[in-house]
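So, here's a batch of structures to check.
There are two complexes below, and they share chain A, which is joined by chain B in the first and by chain C in the second.
What follows is the complex of A and B.
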């Protein structure tokens, strides 16, 4: 018997979109000189106009952050900073539905993900760092580590609110003030967060949000009034930022691209491994820097695992991101869809075999079906370049040593996964994988207490946990982290 | 009932029924179950939102899959007659349930109660619920139920033997019960609440399927926890994999603790997205329950009228 699920859309009415949004500087919304539109990638509907911050706006924002740093925030005892962070965390929880709907509208990700992952994790990051604010002397960086000053933070479009939380929560807990630039295609939850800062009574200037495109980000990271730059995004832009910061003495952390190997051994718990593969690459449409985009499966079970994977992929529900039963949402932008399409074509051209889940794509908006390439070799572009979309490349290996060799054979090193029932093999592999995070019998699990960050071209510095605090503290160049 | 060709093929391939050791090699060679992952998957499926038409469809499907059950020491022919009346005409225009499930001595009452309705009579047997009796006693129990007209027999496995690794004992007992069932369908109760791990659930599922079960069933309802979503997920994976390997299509029956329409719909979602459409059929999926029917009826009435009817409008049995 066929059992179809009727549409179950989350209501949009919880969100009141304004026609246009200004910049959030010194605790209030101010107009910019020009504006750009932000759309829903699922429908291409214009959601709002957002101010574009030029160099003079960035200047004002940095000046506000500097004033707030010197006059208020750096002098505030840790326990008082913690109170603000706790308050922000609670308001995020209280306004969770509103934030989730807005995130889904602006980003295209399924409401199930924004509701169950992005927003709860964002609140968790504020709760976690609120707890650190008055305990920094016990974090292993000396008895009274100092903040750095004003942080310029540039974040990507894949987890707009969550990346904001990863950046702002530790910065504020450590006594810094911030100027944050959200991604051009997903500015709306950051602007709602600005309202939350007002609601929490955060002193003006502690958090400033400047919206715009790459030029705004450039103006921010190059600004002489910035002490610390934190960037999450593409490796290409990360390298450019590193060049700018290298000559300025700014502290820098970069969280960049990835091409993670998800290694499945022949004794893996197959059903859960298949879930892990699906979650690894199709979670958030594959717009995840730590996505498990390379499946390395032991040759002896490759056929069995692939059959199970395709059967599972056929049940993925692609469509309206606001529908509570949607598993795979929209690609975030036309540009990203073009990039995914081009890289997937290179897979065809280079001789890999493409299989896509048989799901119809909506007529409007940006969509790409969950896709798997088999017969992929290390030399193929789809095995080496970050696709940042719902495209999985499948490679095989014969021995654990070959698995390590192939997993590490990439310029990236952000994450990896290992699936086996054999504990000693997990430990053996984890100690040899050059990746910042190694997940064992799970994938894409995040927790504010767990440091996250990369090796090699995936960047440097850690976010989250005790280690993540170091990026926002003056540890005298010799912290014991 | 005899095994068909592919099924014999599987049995032969594994060289299975030779000894405890050969069965252990096979059962322990099945892919493991990661408990955290299985629970996470069950949680995601439990968050599906089933509304309007699909909810209406699911409610009627769930009603048609119920094994309406009474398994109490105080059961009487009168109580069973009432149960049968409710089973065949639940009210509110709802379809009849799949079966009534009673103790063996009440099978005659149940047979009389459902005569002419198409509703099956299921009987628990084999020293239900503990299964702690000699094999010939268990088989006599089965035969008496079948002789009295039971269409389906719900047996319990010997959990003590299973947990101590005497897989051949469990296997041979199921084979013997199967033989005593004649044409009656055999549901094998794993009593997953006593098995401890999802790995054991998977192994017990395969053991029962290989020994000739028509259905694998979670629980007696007398042990907590009874049916859970993760356990049912693993059992659905087992029947799916068994069929894919060339075996017969085996049914699954969660029983115990499923009391609300919301619960029942979650199980249907689990079936839909794990084993798939072929199992969305009372021939291959049943829900063992008693109070569930009234909640489904209440939801059904609410969808028809837009209002909740109070419990006084639902018949007690």
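What follows is the complex of A and C.
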């Protein structure tokens, strides 16, 4: 039986796009010297022109942030900083619909996700950190931890507003000012956030937003006027930034790639596990650093789980991201689609078996069907490299010890999942997985109070929770811990 | 006075009628005391330039062997209960205390400090070790906690050891030979990581003697590995080693050129945790930064329900 769905598009009218957007420096939108276009990946239509920040613009933004830090923000009592953050959180909630539609337009993710996950979590992050601003002395980092100064923050395109919240909320709560560079392909919600800062009456220069490409990010990260670098993105770029900061001595936190194992034991409830596998790898088109991209399923139930998984994948609805019934949206960019396509081809070439959900792909825009590879060995590229797309690699194991061995056989260490009815097995496995976040009988859950971050080449430092504050506080030395 | 103390260069019979048995200072890798596989050694001298001993001059191969030994020991050491690690480390302090005179003599010979100061350094080093031993079963409570997530999950964060860590022991300066060494080694292993230590090039004798203490303690072989030699030669191999998870650059801080920068850049290749703390007054309160620098935070979402 197949259900037919009538189209249920969310209205775009709630968003008023401007033709062009400037840089947000010192509380005002200012022109840049050049501009680039941002498109909707679902239709390839141009949404707006956005200023490209060159080194001189980054200079101005850093100078504004420094002034704001020295003259206003660092001198403001914590409770006042906190109230600004509470205001921002409230405005995000009030303008949630607008933010969700804009995010979906610019990023290609389903409106269901931007509406139910990205935007509410972004608001929650500001709420959570607002409350910390006047309680930092109780956070366990000494009686009066100091802010670091100006933070340079570079964020990715997969959760544009949410990653902005993860970066800006703790930085401001701890008394720092920021210069943030959103991803080249998804600048629009950051610029709407700049308006929200104006609306909240945030003092000029506390938040500055410079749009641009990798060169803008490089200029920011290497700028001598910043004290702290926070980066979320690829491991390759993260290593480059680590080299730059190794010499400059700037404080650094990195949240990088992953190749998470999602481990399904033979006693797991299959339907629930299948939902978790789907959520683990097809949530946000697999554009998730902590995506459960390696399914490790116990051999005795592998057939059953895979059959159920394919049945479920066949019901996934791919298409218009603004449609409220859409499960899988557009790939964020042509470049990302090319990368996914290339890695999937390597799976074919190396002998794994590909199966894709039988869904029609729209003619325009960037699309990749939900795909699963079976017969994957640990040596295959699709088992080792981060695909960052809706592609799942399936491996099997026999014993818990073998599951541990295979799960940890990666230079990454961001996240992992475990599915079993046995609580003791959950904790046994969780203690052996070299990963910063372990989900048991769930996957891809996030909460502002829950620290997030990786082991090994998935980066260092934590975001969220009490632990995340440390990344924005001077706790008495120069360590990178 | 123990026979292990270094001898003057004259090599004359020590006492009227017997020839002293001199000690050979070797490496400590995987619980054994090998010479450098390179067969090399170097002369350790006192501040006045007099001969103290020959020490092994560790090579790249020795460093790699030490990393292999440390990795092999990691599962057992990190998997031991915190209480057990605390007990094992406290036992080390007991043994250190028993060798007080030997350590003091080595510190005196290598640093030129008066015996009274050397004894003070040894006492401080023993006390420091006791302080860290007591941390073993406190770290998780101080560093971990429950997170009140909005959902049906018991969510908690716990500290876990980074893995294999390279420790460049302080090279020089007051109190560095033993107290400084203990102050960089103990925080590395108390949380469950295993260590490869590059001892001070000019003052390696207390480090080798410490490794003898460790070998006769309950610390499993491979948890601590001690290399003697040139930090500028060995450290780059450790900094770039893909199976090392963290590095303490204490021993590279004052090095000529930009050694510390170069090591930090090399360490970025596999994103090692780099501890580059300002030069320390080893006698001062050590704080927790070094110890916490070797910890990861793991967050677990455990389901709740009926």
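Annotations
Definition applied: the second predicted complex is superposed on the first by the 474 of 481 C-alpha atoms of A that agree within 3 Å, B and C clash if a C-alpha of one lies under 4 Å from a C-alpha of the other, contacts with A are read in each partner's own complex, and residues count from 1 in each chain.
The criterion applied here is as follows: a residue touches a chain if its C-beta (ideal position, glycine included) is under 8 Å from a C-beta of that chain, and two chains touch if they have at least 3 such contacts.
Computed from a prediction, not measured in an experiment: that's the story for all the values here.
Within the superposed three-chain model, A:239 lies in touch with chain C and out of touch with chain B [touch as defined at top].
When the two structures are aligned on the shared chain, A:17 is found in touch with neither chain B nor chain C. In the superposed pair of complexes, A:475 makes contact with chain C only, with no contact to chain B. Applying the stated contact rule after C-alpha superposition, one finds that A:441 touches each of chain B and chain C.
Set against each other, chain B and chain C differ in how many residues of chain A they touch, and the higher count belongs to C.
Contact with chain B, but none with chain C, is seen for A:268 once the two complexes are overlaid on the shared chain.
Within the superposed three-chain model, A:452 lies in touch with chain C and out of touch with chain B [touch as defined at top].
Of the two partner chains placed around the shared chain by superposition, chain B is the only one that A:116 touches, whereas chain C remains out of contact.
Where the contact sets of chain A with chain B and with chain C meet, they give residues 441-442.
Across the complex, chain A meets chain B through its residues 1-8, 112, 116, 267-272, 275-276, 315, 324-325, 421, 441-442. Across the complex, chain C meets chain A through its residues 142, 145, 147-151, 153, 155, 157, 163, 245, 258, 261, 264-265, 267-271, 273-278, 287, 289-290, 292-303. The touching residues of chain B, when paired with chain A in their complex, are 31-34, 36-38, 40-41, 44, 47-55, 57-58, 61, 237, 268-269, 272-273, 277, 280-281. Residues of chain A touching chain C in their complex: 124, 140, 235, 238-239, 242-243, 246-247, 249, 254, 256, 411, 423, 426-427, 430, 434-442, 445, 447, 449-453, 455-457, 459-460, 462, 465-467, 475-481.
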